[in-house]
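Please find one structure pasted underneath; my questions will follow.
Labels A, B and C are assigned to the chains in the order they are written; within every chain, residues are numbered from 1.
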Amino acid sequence: MTFDNARILLQADSIEKTFRGNRVLDGISMDVHAGEVIALIGPSGAGKSTFLRCLNYLEQPTGGSLSLDGEPVFADPLKPAKSELLSLRRRVGMVFQTFNLFPHLSVIENITMAQRLNGLRSRADAEDYALQLLTQVGVQQKAKARPSECSGGQQQRIAIARALSQDPELMLFDEPTSALDPEVGNDVLKVMRDLAEAGTTMIVVTHEMRFAERVADRVLLLDEGHILEEGSPARVFRHPEHERTSRFLQAVLDR
Amino acid sequence: MTFLENWAEWLPHLLQGLGTSLLLTLCVAGIGFPLGLALALLSIAPVRIVRVLSIAFIEVFRGIPLLVVIFFAYFGFPDIGLVISAFATIVVAHSLNLGAYSSEVFRAGILHVGAGQREAASSLGLTPWHAFSRVVLPQALRAVPGPLMSFLIMVFQSTSLAFAIGVGEMTSQAFSIGSMTFDYLSVLVLAGIIYAVLCIASARIVARFEAKMRA
Amino acid sequence: MNTEADISTLFQVIGTGLVVTIVMTVVSFCVGAVIAVPVALMRTSRTWLVRAPATAFIDVVRGIPTLVWLLIIFYGLGNIVSLDPLPAALIGLTLISSAYLAENFRAGIENVHTGQKEAAAALGLSSAHQFWRVIAPQAVNIAMPPSASYAVALLKDTAIAAIIGVTDIIFFAQQEVARGAPAVTAFLIAGGFYLIVSVPLSYFSRFVDHKIREKVVVV
């Protein structure tokens, strides 16, 4: 699939992040087309997660700007207004490595809370939608349970449902299977593949090279805060331009 | 500026009282902490009756106010033919209290040392006593200095209860100056400031120490 | 020698102080908890100017012994406003419990896993919703066990009020001893009355601790 004619949903323009004088992101630019699935790969410490978190401003970039649907997200990217932050985060969903479900709420409350507080749906509609999402990710039987009563794989699928409940235009996944055993991780990857096939726009930070190869439309390899290699999975995995890329891929495949 | 002049006049008396407070604290620590360690060991002893009795002792002293213990000792000991000074009474009562409290810290420290350490020690053929005294205890004691220092601050504060039976520590000194000048407020506030400065400063030191231990 | 009749009178007289002891504990704990909420919120503020007064309040109140506070309020302020012993003790104990509880609440707020705040933010919840719907409920859970065990400490601290003349358990015990009752018996009875309240309370606090450990994610 190519996206040359598709509309550009998200545009990240020279995103920079400096932590205590340490330059973690060295001006990363990226266009994300509607319906596209992007895999962010690279060695640990390359800045993948930081970059992802800059896209919904959980990390505030120290330079660069974001646009959604051609409109700048912030009037001043260095001084985000509260309303701009809320609107960005309501349009962009995020799934964390450690799930971060709310332990004091039941599974279904985890999914309905933000819908209701953000004025998206009424209580009844929110519950209907939550059940529908839970069915979609295959955890409907746990609706009334506490997160602590669910397995890790179930928790992560619930977290995906929670993020989807906001009707996001874009989903961010931060190493969604790294905290899971491989068998359970596959259930999560299956849900993500279904989402991708249904046309969800996704950016996935991952170490699952097979998932990146099969599901992603485009692979970005980050190294030391910048994009080292970019292209279709076939190109990046089979014909990398850089020596470092081959070495990284070799190291990952050997594991 | 009579306020400041008075303070200058009172300060030596208060500092003299502070000396007594600190001496009390020192004596209490010297008896209370070893007692706490002993109680901790007894409370995990292999013999059931020893365990039950020591845990009951700990629960009782954690459950009744220190002031009750002080009054019991001060008014009750002479009745059973035990005459000790008011100073000694305070030391005894506080030490029992501190022993009961600190035993929990020692016990947690001992239990925190994992079974793996014990097994490793016995697989080397160490006797149970050597396994305990050379392997478990040294590790257990490494975790306790922070909490024990916090206890010390608590003990220092509660030496003020010695006021109730007329040991001349800082609170008593402040109160007797107050009763002579009828200006209770100034002198008590001055004493309060001295307590607060010492406690806050030592709490900071403890916090820094604990942070360093963790690092 | 003390007869059975003497002992039962002692029981009755000392027991009359039990209500005052319980009232002091409950009132100063509950009012203290209410005051502790805004103090803890200020204490966890990111703005230094908001945080500093709360930090100072907590440190200074906790830095001064309970007895000294009660003496300051009862005798020291006596020249300005003359208070009865009980109100003076209630003010002092409430002040102290608010500082201790504020510190517990602060620890509760700060020990909620950072991922929780991030997840709430990522869902586009407003900062108020992030705090009250996600952070606060978990902070309460974390702060509950230490606060329950603080209630036991507070109960025992109320005994100090007898020194300024509040008619609690230990006050009556002391009074009876002054009237010639045997000290060992009188103070054993007084101790017993405190145990009746404090032992169940501390078992309850351990129970709460146990229950909550199953429920919260703590860093």
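The rule is short, and it goes like this: contacts are C-beta pairs under 8 Å (C-beta built on N, C-alpha and C of every residue); 3 or more make two chains touch, one makes a residue touch a chain.
Composition by chain, UniProt nomenclature: A = Amino acid ABC transporter ATP-binding protein; B, C = Amino acid ABC transporter permease.
Since the structure is predicted, the reported quantities are computational estimates derived from the model, not experimental observations.
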Pairwise touch network: line, ring, star, complete, or other: line
Innermost chain, taking as reference the mean of every protein Cα atom displayed: C
Where chain A and chain C are represented by their mean Cα positions, the distance between them in whole Å: 46
Separation of chain B from chain C, taking each centre as the mean of its C-alpha atoms, in whole Å: 20
Inter-chain centre distance, chain A versus chain B - centres from mean C-alpha coordinates, in Å: 54
Per-residue overlap in chain C, given as positions that touch at least 2 other chains: none
Multi-chain contact sites of chain B, meaning residues that touch two or more partners: none
Where chain A touches two or more other chains at once, by residue number: none
Residues of chain C touching chain B in the complex: 59-60, 62-69, 71-72, 75-80, 152, 155-160, 162-163, 170, 173-174, 177, 182-184, 186-188, 190-191, 194-195, 198-199, 202
For the chain B and chain C complex, residues of the former touching the latter: 59-60, 62-69, 71-72, 75-76, 78-80, 157-158, 160-161, 163-164, 171, 174-175, 178, 182-185, 188-189, 191-192, 195-200, 203
Touching residues (chain side chain C, partner chain A) in the complex: 113, 115-116, 118-127, 129, 133-134, 137-138, 141, 214-217
Chain A - residues contacting chain C, complex: 56, 58, 82, 86-90, 92-94, 96, 98, 100-104, 113-114, 117-118, 146, 148, 159, 162-163, 166
